[in-house]
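Chain nomenclature is as follows: A, B, C, D and E, assigned in order of appearance, with residue numbering initiated at 1 for each chain independently.
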Amino acid sequence: MVLAKVVGTVVSSHKSQKIEGIKFLLLEKIDPVTMNGKGDFVVSMDSVGAGVGEIVFYVSGSSARYTSATEGRPSDSAIIAIVDYIEKDGVYTYEKNR
Amino acid sequence: MVLAKVVGTVVSSHKSQKIEGIKFLLLEKIDPVTMNGKGDFVVSMDSVGAGVGEIVFYVSGSSARYTSATEGRPSDSAIIAIVDYIEKDGVYTYEKNR
Amino acid sequence: MVLAKVVGTVVSSHKSQKIEGIKFLLLEKIDPVTMNGKGDFVVSMDSVGAGVGEIVFYVSGSSARYTSATEGRPSDSAIIAIVDYIEKDGVYTYEKNR
Amino acid sequence: MVLAKVVGTVVSSHKSQKIEGIKFLLLEKIDPVTMNGKGDFVVSMDSVGAGVGEIVFYVSGSSARYTSATEGRPSDSAIIAIVDYIEKDGVYTYEKNR
Amino acid sequence: MVLAKVVGTVVSSHKSQKIEGIKFLLLEKIDPVTMNGKGDFVVSMDSVGAGVGEIVFYVSGSSARYTSATEGRPSDSAIIAIVDYIEKDGVYTYEKNR
């Protein structure tokens, strides 16, 4: 899975019937040490109610069809967790409620 | 899913029987902040009637076989949505009817 | 799918039984605007009778098992079309019989 | 599979039900010659009881659902082995108990 | 499939039960024109009895579970052929018995 920040929303009225009712979030991949954005973006289907500004991780590939929100749908990216904290080498590089 | 602009068409008369009748669009990946093309191209199967100049997002991998147009076919990229707008950090970086 | 030029052949006498009888072509990915090779190569299984010098597109991942030639075989790349022409922004960047 | 070092932990209390009870480890990919980190990180599900500081290899894609810990779950990365040693061109570039 | 040279071995005594008995080879991807290593490594499961120094190609993704050695196992890379020769634009860039 890959760590990213929710930075926005993508809206489409003309789309495959199979993705009706899904929320598409714009994610920017982050470096988990500096927590800076990498300028690399992906559109991900939300399965956990994530909001703009939150740090999440998403799953790619066929496993993006294995959440309750995306089962059987043409998805290659699904947010599966909102991150509380990231700890690297004994140091917190990210804490949500700080 | 990845954001891209439809920039052209790829035509083949000699191809796998399993992809007869499919439209192949040439997509250029874009940066959703600047909306500039990245010079990185992919051939994608159209499942939504997208046209040249439109901003779309496409699905990759096995999920590219999960649209009505591509089911059971050897596809690794399918356009599943025409984008109306992209909003990043409270600002619209793209609006279709502008 | 990705556009590439057939540039050669890879031959193996000692291989998995499941890929006996398959032709392995060496492909170089191309830029569809300049039509130049990118110096990036892949070995692909041929399902359409492609020959050296032709521009093709191939499918990657699990869908590479969805051609008549590769079904049930350990393939992650299969050529599924020989390209007649590529049109970008109203201009032909490639025409086969020119 | 890809070689990496376990460098930390990612914790989430708000996540897909399907990944409850799984441990998420932060991995940094390594160069197996110099054993240096590459500054490229992935969140991986642990199936072998790996700990911080250990060298492991993980499996990506659909096969990340083929371990006892991750079966049927939305996983695209699972640690499947703790490495004892790496030998390249007759030289050990890594030995665990050194 | 991707061309690579077998450059070593990775050994693990503590691993997923599902990969017991499998040999893990360290591969370095090569440029098939110059035959130089690219400094990019992958751990691959051997299905053909490849040895150090040999040029092989391996299959990635779900198809890495489609060899006799890896069926049903968490594998994302399997060696499926030992290369005899590579021919590019009418010239042999590699011949095994030279």
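Note that a residue touches a chain if its C-beta (ideal position, glycine included) is under 8 Å from a C-beta of that chain, and two chains touch if they have at least 3 such contacts.
Just so it is clear, the model here is predicted, and its values are computed rather than measured.
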Chain-touch separation of chain B and chain D, in steps, is 2
Common contacts of chain A and chain E, by label, are D
Comparing which residue numbers chain B and chain C contribute to their contact, where sharing over half means same and under half means different, the two sides are different
In whole angstrom, the CA-centroid distance of chain A from chain C equals 33
Whole-Å distance, C-alpha centre of chain A to that of chain B, is 20
Expected list for chain E, residues touching two or more other chains, is 60-62, 64
Contact graph of the chains (line, ring, star, complete, other): ring
So, starting at chain C and moving first to chain E, the ring lists as C, E, D, A, B
Within the complex, chain B is touched by chain A residues 7-19, 24, 26, 39, 41-45, 52, 60-62, 64-65, 72-77
In their shared complex, chain E is touched by residues of chain D numbered 1-3, 31-33, 47-49, 57, 59-64, 66-68, 78, 80-89, 93
